[in-house]
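Please find the structures below.
After this come two complexes, each holding subunit A, first together with subunit B and then together with subunit C.
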Partner chain A sequence: MAPKSDFYSNTVEATRKEGLAQKLYNATYRQHSGREAITPELGDINSFRDQLAEVRTHAVRNLDRCLAALADNLMARGVQVHWAKDAEEARQIVLHVARVNRVSSIVKSKSMATEEIELNPALQADGLEVTETDLGEYIIQLAGQRPGHIVAPACHLSTQDIADIFREKIGYDGPVEPTALTMAARAVLREKFRRAEMGVSGVNFAVADPGLLAVCTNEGNARYATSRRIHLAVMGMERIVADLAGGALVMKMLAKYSTGQRITQYTNLIAGPCPSDGAQQVHLVILDNGRSRILASRYWRILTCIRCGACVNACPVFRHVGGQSYPGCYSGPVGTILLSQFLGLRKTADLAKACSLCNYCAEACPTKMPLPEYILSLRDEAAREGLARTGEATAMSVWADVLRRPRIYRLGQKMMRWVLRPLSRNGWLSWMPGPPGNWTRVKDLPLPATRSFIRRWRSGEFNHPENADGR
Partner chain B sequence: MAGRILASIRDALRSGPVAAEVQPQATKLDGRLVPADADRNRLVATFAQRAETSAATVHVLDDAAKLPETLSRIIPANARITLCHSEKIDPRLGRSIVSVLEPVGRVFLAADLDDEGLFRSTVTVGPVDFAVAETGSIALAADPQRQRLASLVPNIHVAVLWADQIVPDLMDLDACFRKAYGQTLPGAVTLITGPSKTADIEMNLVVGVHGPAQLHLVVLP
Partner chain C sequence: MNATLFVTCLADTFYPEAAVATLRVLRRLGYHVRCPDGQTCCGQPMFNAGHFDQSRTAARHFVDVFRDAQGPIIGPSSSCVAMVRQHYDRLFADDPAYRQAAAELAKRTFEFSEFLVKHVRLDPAAMGARFNDSVTYHYSCHFRPLGIVDEPISLIQRIPGIDYRPLERLTQCCGFGGTFSVNFPHVSEGMVRDKVDCIRRTGANWLIFSDAGCAMNITGYANRTGQPIQAMHLAQLIDQSLGT
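Our next item is the complex of A and B:
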């Protein structure tokens, strides 16, 4: 039996936060409708999704060969390739590179892999100055928060919130207005870029042959981060395609599915050091951190994810609770699967249970990952491992017993209406006592119908086509 | 370490369901959105339209002789210009770009500037390696003219390209790389599509967050 998780209490808190749902809705809806506006340009959208799924599943099926080719090709160009089994090894590699090169100041472009390994605190503990340079990441770094969305990290904050953060942390005294705030951040970050000896980035995808690391941003911050004396990229080991045609397909799909653009404004393709106009040293950290375990499991298709965030934007649960509620840097449907594998089911069973199984994420996903099936499977595993909350297992076994006994079921139906009617007003329940009150606190429930579906079915009401809608 | 991780990947591939669920060979991709045989006019028109929806400003010239006049219109007075073109005479233009720009503002060759000098420039003018009609993108490689960094730091970036440098589709990337760079890829190639932008504050679009606020694409015939 598991206690209520942090996720559970965070969601309760989130639904009570004034204005949060509206901000999340604005952000996710904007990106979601951007995607719906641009994807028709693909013509046969489904065929493109199939092709992307194939490119990615093929890379995952041949992951050993793809990674070996990538490492060989990059090393031939002078890139130093490091392999990290887990977060601690990855952090130590980055620290080592910074130390040997006597680095004091690091600029980072947005990278979920470095969030996953909690790199910043480790670097700061070693006395290094680390600055996030993606505007959204910079804002949440100043605020001391975790990203609230894998694509739009500060989407849970209002312009006023951000102005308050800038006032307190960087002495901002301009208007509460996005352009002025952005220009204030630009001025601070310009200096950081200029002074930094090292840039740390993620990898949106790598191409095995020819060996290339793709780092995409709209702001141009990764162009700086990849042009300092040392560039170090941290890559989740599954983020790879076999060849440039596959890379071109990811480029076509990634921006369309994340922000509704045809392509990200800046796509950097890094093959190696370039002393005259780029980094003198390039390092790549290939991160396992539980991925080979996922590869061996039934959840392996989550490794075909391109981190576009389309499922996050589609998710009605995410739209209400936000990324800050989740127990890690990933959120939404893809986060539910990833965190269950990274953190274990004991800490994450509630994530899968929060799902309404609406299937919207599966329809949104450009690589056709079976997200709802995976979530159901997690629930099944949780039940088998006895991770139900107090009362939940009992309630479910009573429910199962009742369903197996039609007479008791029908009696229960009748009694339900009889019991609930005094609590209702105009056919709706707005309050119930005990645990069912958790439902009516956030949603009204209609009173059960006078005539049950079975009675209406038996009476032949549905036999006539004109009555088929069941009114 | 490489061996240990690759070994655990091979174990996972052997013991897990992946191999049974996926064909070993991928089928050939057909992800083209602009046909390979599109004619020059169509490529220029698609390139211009796509670049403009990404907030770039496109100037399609019917005569290369109009370049000086176009550049003087784009570049504000008293500009400090970083130039990524070579000083030599451009055979197709019949003159060097330096000579075109000298009446317009103070011109510095990117290769001669240190970081400090680059960061002080207000406009960068440079060539492109190739361009893509499908997305309205231009490609720049890291090179001794420092065009990657030089095109990032100023407020205005002006790219001068010839119509025949525009290829139809991102699917042509492989062929483009071979044609522009031969057997050895440059250390870094950046595809640029419109100016620097962000929507990180409540989804409000702001241009010029880290890179240029204006991207001008001058297409010569």
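Our next item is the complex of A and C:
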């Protein structure tokens, strides 16, 4: 058998962590049920999902034109637009902007794109002070961890966990209580905002025409980050819509699908530098980092994602393994697809296997991405590349061959019972050899029935006056 | 009126009483029920594991066995019905003849409760049904792609005398998922533990299910952990409530 992946070992460890599943459940279920409660307000929710899918698909299908228009419109207002083909280029661009402007301190608002390119370690290695200012991200940064959820980065931590982190890292000595903890973080962050020369943000979505960058938060921190002397935004190149009507629709759907809110508390629409009382310089880094490849693949619709996290919140596997089990900053169903494309199937084949195909993500997704179908495609690719469990393909071939021979199938059924019966107690099996042993390690397996239905049907047990032919 | 029984391999092998009850209920409704005895499995296990070629072998056999079936094809399992309705099209993308035959079958293949509620519009009370015990119900994940929401529960609630206990986290997966349960047993265990906890909190004497896979998973875990759960298929509940 192939050695277990880090992901696999991480999931084993996660399921052994006392209380983790409950914390993840509390966090994801609150957002999940919030979404289920608020989306009916839109009326025909399916038609809104269709519209959003259409808006995003249109942008992704016309990405070259949308991005060119965005860049032109922003540059006309003095925004400096940079194109990064991969993570390294993106990091170098940010470092360069910081160096030429003699920046020493940077504040950040929440951005998955900067997590993806692992920006913080690169900035810190260059002697820059970097502070995350989204409360969840700040907690995670203090703890030295990676975000555990694309929307709620600290959802795997309890109030007690957070108080412990604050005690150790910022000398907190107040009560174990959310408001007090938040005020403590606020006091630290205010000072960081005051000192920082540069703010780095992500982009929730860009509007090609008239050329806007939208940054949505619930904490208002992005307002400070984007109004430092220099504002630098990093956006995945697919996070764009063609026009304002499309942008309005994304805004309408994003908050409902991510946190079950009608709208996020703060929405910044950035058009360019604002010398009077805002950023003197605005930079936009447009990041490819594998997205062009995805666009040309069968998985292209994953680029219509608006990063709301609804699929993550709906995922029962995520609720047990958490985001930190994954080999990158993305997790849950969308993370499974993105990471398989960013890191390659060989390193990520186990991610697609960690899915019970419950289809909840497909129902939750506001852009109707075919997530379960994509997961099946990944499994198909993995099987064809020999990444399935050793012997699985052979076993499946033998099984399939039996299935097209009904007599052999019925004989096999009978023999299976005959072999298993001596191993059973009171109609249950507690031990099985081979891969089925993974089942009996944690659950019993019922013994096959004495006689199968088809056998009974063939014997005439159900013959009926109206069914004289018995078939 | 003709109808054809899609037994499904798990019901055939592990829960034949679910298929017997499906047959009996359909007969009570006046259907002349046939059961092609060459049927085996729809190919779902291989398909879900990503072995599409092997799945296609089984799926072709299914199409061959059922292509001459009379009337609606009714199965006591949402995942097997979803396989035929949702995935055969993709499986036969490069095989127009089978693709067309599969599309024809997909149009008249139904899950048991879906058929009773949407097509027969069964009213258990009008048929003299009665069941004097407490039950809860496990929602199958494959109802989602089939567009089935509360059809099974509405059937249960309309049985006179029944004490229906709603299940917390109703639509959350039980952790079966075919090969998933073998590839990630520890995660599957966590999921089924949640499910069993919710079922036990209802205090119901019976768990009613619609998919044999879920039933094996839930009752298997409950049995292992010394808290056995009595379970029966929805068809068995309807059949029993209608008396002999």
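Note that the second predicted complex is superposed on the first by the 387 of 471 C-alpha atoms of A that agree within 3 Å, B and C clash if a C-alpha of one lies under 4 Å from a C-alpha of the other, contacts with A are read in each partner's own complex, and residues count from 1 in each chain.
To be clear about the criterion, a residue touches a chain if its C-beta (ideal position, glycine included) is under 8 Å from a C-beta of that chain, and two chains touch if they have at least 3 such contacts.
Owing to the predicted nature of the structure, the values given are computational and were not obtained by experimental measurement.
Of the two partner chains, subunit B is the only one that A:A71 touches; subunit C does not reach it.
By the document's definition of touching, of the two partners only subunit C reaches A:V442; subunit B does not. If you count the residues of subunit A touched by subunit B and by subunit C, you find the higher number for B. Of the two partner chains placed by the overlay, neither subunit B nor subunit C lies in contact with A:A184.
Applying the stated contact rule after C-alpha superposition, one finds that A:I162 touches subunit B and leaves subunit C untouched. By the document's definition of touching, neither partner reaches A:A143: not subunit B, not subunit C.
When the two complexes are laid over each other on chain A, subunit A has no residue in contact with both subunit B and subunit C.
Every residue of subunit C that touches subunit A in the complex is listed here, in rising order: 7, 11-17, 19-20, 23, 27, 32-41, 43, 45-52, 54-55, 57-58, 60-61, 90, 141-142, 144-145, 171-173, 175-192, 194, 216-217, 219-221, 223-224. Here subunit A touches subunit B in the complex through residues 23, 26-27, 30, 41-43, 48, 51, 54-55, 57-58, 60-64, 67-68, 71, 77, 81-85, 89, 133-136, 139, 152-155, 157-159, 162, 178-179, 181-183, 185-186, 189-190, 193-194, 210, 212, 218-221, 223-224, 226-227, 237, 242-249, 251-252, 259, 261-274, 276-279, 282, 286, 288, 292-293, 295-298, 300, going by the rule given at the top.
Across the complex, subunit A is touched by residues 1-2, 4-6, 8-13, 15-19, 21-27, 29-31, 33, 50, 53-54, 115, 119, 134-137, 142-149, 152, 169-171, 173-174, 177, 185-204, 206, 208-211 of subunit B. Of all the residues in subunit A, the ones that touch subunit C in their complex are 8, 11-12, 15-16, 21, 25, 316-317, 320-321, 352-360, 362-363, 373, 376, 378-383, 388-389, 392-393, 396-397, 399-404, 406, 409, 413, 416, 428, 430, 435-436, 438-439, 441-446, 448-449, 451-454, 456-458, 462, 464, 466-467, 471.
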